[in-house]
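What follows is chain A paired twice: with chain B in the first complex and chain C in the second.
Up next, the complex of A and B:
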């Protein structure tokens, strides 16, 4: 096949997906950006230009949502990393029932998000929930707590369920990573007389760096934009304490019909993730994390 | 001393494995337990995990008179399969293009595809909603399927590309030397070899559309067109939630995806990890 014919074939092959993405993703994104320059609502639309962003950045809600989003994402991504690594190490050793446990560990990730949210609502329920009952039996709390409607606990309660829901993805990635560590490296460290901990630190972790770097970025982006868990568990409450970008954008648009404002939040969300990912990829390429 | 240490490690490992299993399974136990409890057992204080008189009542009620659950199930199947068919049709070609063919601008276009994963769906839902209502599509399965393409096509292309990259190039080249056209080589050599990967991709698309919530909540306004993730809210009353029915319904929603995963787990995990490493 000549070069030109291969070019044409290539463009023809990718054309359907390009057209679909242009209509369904990039065109709406541009519209969202245009909306963000106005104060569009159901009743009126006024073009504000960059003034809209000046207003947005003076909006106290933006800093609150940003703070919530960062706390939520950092905790969830970090604990998914730790729990993912830990469980992958447990599942990488041969033992009776290993393949059964491997199958079981994936289940939370496969459970639909809305179902997960409902089950955790039941667990946290002040009267019907088993969490209060067990914690009281263990003497950790002395009265039943309203986990999801108390401002100081709500965000951490949803964070805990999100960790549970998502960590199996990290487990899967790190299990695959562990199987890719060259056995010679382990043998060499054995000869050097390195202990288990040292071997983990100096052999396992460095060879898994690329996969950890990528997985962490994935979980960060997914968590930052994860909608239904929080939306179903708390709806953003109590008093906006658990609102993150996607839930707040949705509320602004479809409950308060402030489309312009909602679009502004959406643009900030996108730009933040874009800049974050660029810095992340650059830093990790420098340190040999990604190709 | 070495032996003592080794035994200690085995015990420690068993303890960790047990803790892991408990942590993962506890919410499933809660769900199952509540789904098997009759109303008088659901609201006891303090609550307990093991039902004293397990009953299938809730499962029967979920499908019983006045319940739309069976309808929602059908709707979900329709939308999930509809989306998956379109996504596969589009992304088999596109992913092959990205994996194998050389053309200018390829990496830019592929980067754009990946960039589309960076914004929340909430960022495009307002314009999409307006496009759909102007086209008179709101409140139809078609609007849901089209909306779902926005996030499932990039994922489909990205996953399938990693499967295609895993097929040795020599096979196609040999076929071309033997007189096949590139297109014949694609259909007769590459597609059959990629079948496990295509199956895994289809399963993943089914899995993400089966549970999609935001578009389903927004685009569908008539009750009998709802899909499961939204329909399940029928059991959540304004003042009181029917927990027994809700948890029975939840288990029923989980079962199809769990079965699906059982079959494709190995291929899917391979595709996800390969895809992640190869960008």
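Up next, the complex of A and C:
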């Protein structure tokens, strides 16, 4: 085979993937960008050009959605990391019933998102909810609180549910990571006289760094794009205080048919996620992958 | 054998020709309606349709029904794609959007020649809801009014009040509600929900107080005026006689609290009567007028559905015949699940199918329609956000309404400047 024919054969082999990517990824991306330059709706379309972006950045909803998305993502991802790591350390110890507990702990994660959302809505219900019931029984509150309809608590209430829902994934990842830490490192550190804390800090954590980075990055991206929990629990309310990019874009595009405006938000959402994707690509290519 | 084959061919060709000729004469109308669950109503619709086909043997009618939650999406998408039905019902608040987009045609010429479709035969609030820039784009089919004051007589007796004398004014409503409120029971339940229903309540309060959402030609928002501000002050005060959580409750959630016997009073439309009877057969209940300010008038907000003809309909004259028939007194009364928009049909419907027909009829005749603006859903959303901000205390009433007014004015200017 000549060099040229090899070259052609190579491209022929990747052609199907390129065609699929073009149809399923690049076309929607380009079309969304073009829509974002207009105020397209079902009944009328006006081309606005860059004016559309000027309007978008003046839109106070953009800053609100951005702020909500960042608070939501940072809290959920961070606490999933802490909770996941903590529970993994516990489940890594030998004790009776460990296998059972390892099975139970993944339950929130395998539960369908919509079901989780409905259950948490009930838990937070001001009159019927378990949360208010127990808080009152313990004397912590004297009247029923409306967790999901108070602007100052709604976002944190859904964040709490999201942490509960997602942390088992982190647990599983870190548990696998813990089992991969070479035991001889622990033995060596013990001989050197390191205590529990020092062993965790200087042996466990450094060995698990790659897996923590990857898991954290994944949970960041997933959380940023997580839709059904918020949508079912609050629908973005009250006063748009729990809307994040995906829920707001959905409302704009498919409830109000404002495709132009929705595309603008989607482009910003895309750019933000692109940053995380680039970090991921960089990490995975550096030093021969994610180790 | 050969002859037999020839004969068969001739027969087939002849049959095809006859059916093609006959088919060319027969017109089919595609009609989209809302899905109804009531078996009696469906039977009445079938009967009425059969009679129409007897009257007009050359017109065939095909019904397609959708549940409310999907209905608007389906209609808008079909119309935007150029494949709408010939006729459909549209919610009053969608009518301007469909008119402005040119999806539906003005019906003034048909009305001018019609014997039965006349303005005076319909509730004026319903008729006017179909007007857009001076032309009529729909014929009212059925109507409803937000809201009437449903009340549980037991709550009145327990509070030492006369159950035959429901509160008339805002102050009375609040005072009565306060006497009813106790552990696990409340005077009333508010709700904000997710759709555009809560605006019907807040608009009705503003209307009753002599105010309005927009000015007369729908170009300027008036929600920052005293009439609207005072009505929202009253609305917020009702939080004291209401179970917490109204911002995330829907009208249905609150309605369930009423039928579960937790509320003394509840604002809802007349179409809720069957639901109360079905869910709370033991409850002694009655209906009073929507409360009014001391020196105001009890004005409700109109809701309901209009019948429209689409621009793409190939047989508009046949479509008009169907609309004339379907909205006539005799038929309208039978095929409508809400109160018929035809006034005579409504009287008879209310007397036969509703309790307290006089109260309902009076409330209907005094009702006003919501702003006529093609981007009404966006306007309603701004109003709902203001209501949420007021109820949660995020903004004080004046500030919330001032912000909403500014936002609505921007929306109006934006629309009118790009659609002249």
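We take it that the second predicted complex is superposed on the first by the 255 of 291 C-alpha atoms of A that agree within 3 Å, B and C clash if a C-alpha of one lies under 4 Å from a C-alpha of the other, contacts with A are read in each partner's own complex, and residues count from 1 in each chain.
Just so it is clear, a residue touches a chain if its C-beta (ideal position, glycine included) is under 8 Å from a C-beta of that chain, and two chains touch if they have at least 3 such contacts.
These numbers come from a predicted model, not from an experiment.
Novice: Just chain B (first), just chain C (second), both, or neither: which does A:7 touch?
Specialist: A:7 contacts chain B only, not chain C.
Novice: Applying the document's definition of touch, where does A:47 land relative to chain B and chain C: first, second, both, or neither?
Specialist: A:47: touches no partner chain.
Novice: Who contacts more of chain A, chain B or chain C?
Specialist: Comparing touch counts on chain A for chain B and chain C gives B.
Novice: If you stack the two complexes on chain A, which partner ends up touching A:127: first (chain B), second (chain C), both, or neither?
Specialist: Both partners.
Novice: After the superposition on A, what does A:253 contact: first (chain B), second (chain C), both or neither?
Specialist: In the superposition, A:253 contacts chain B only.
Novice: Tell me the contact category for A:237 with respect to chain B and chain C: first, second, both or neither.
Specialist: Second partner only, chain C.
Novice: For A:156, decide between first (touching chain B), second (touching chain C), both and neither.
Specialist: In the superposition, A:156 contacts neither chain B nor chain C.
Novice: Pick one for A:57: touches chain B only (first), chain C only (second), both, or neither.
Specialist: The answer is neither, since A:57 touches no partner chain.
Novice: Residue by residue on chain A, keep only those touching chain B in one complex and chain C in the other, then list them.
Specialist: Common interface on chain A, chain B vs chain C: 127, 254.
Novice: Quick check: in the complex, which residue numbers of chain B touch chain A?
Specialist: Per the touch definition, chain B meets chain A at residues 9, 13-14, 16-17, 20-21, 23-28, 30-31, 34, 42-43, 45-49, 89-91, 93-94, 96-98, 101-104, 106, 109, 112-113, 115-128, 130-131, 146-147, 149-150, 153-154, 157, 182, 207, 210-211, 213-214, 218, 228-229, 232, 236, 243, 246-247, 250, 253-254, 257-258, 261-262, 265, 269-270, 272-273, 276-277, 279.
Novice: Would you mind writing out the residues of chain C in touch with chain A in their complex?
Specialist: Going by the criterion above, the answer is residues 73, 76-77, 79-80, 97, 100-101, 103, 192, 194, 243-249, 374, 377-378, 381, 385, 388-389, 392, 394, 418-419.
Novice: Which of the residues in chain A come into contact with chain B in the complex?
Specialist: The touching residues are 1, 3, 6-7, 9-14, 16-18, 20-21, 24-29, 31-32, 35, 86-87, 90, 93, 95, 97, 101, 103-108, 110-116, 118-120, 122-123, 127-130, 133, 136, 164, 168-169, 172-173, 176-177, 196, 210-211, 214-215, 218, 221, 224-225, 227-228, 231-232, 245-247, 249-250, 253-254, 259, 262-263, 266-267, 269-270, 273-274, 277, 290-291.
Novice: Quick one: which bits of chain A touch chain C in the complex? Just the residue numbers, please.
Specialist: Within the complex, chain A touches chain C at residues 39, 42-44, 46, 125-127, 143-146, 148-151, 234-235, 237-240, 254, 256-257.
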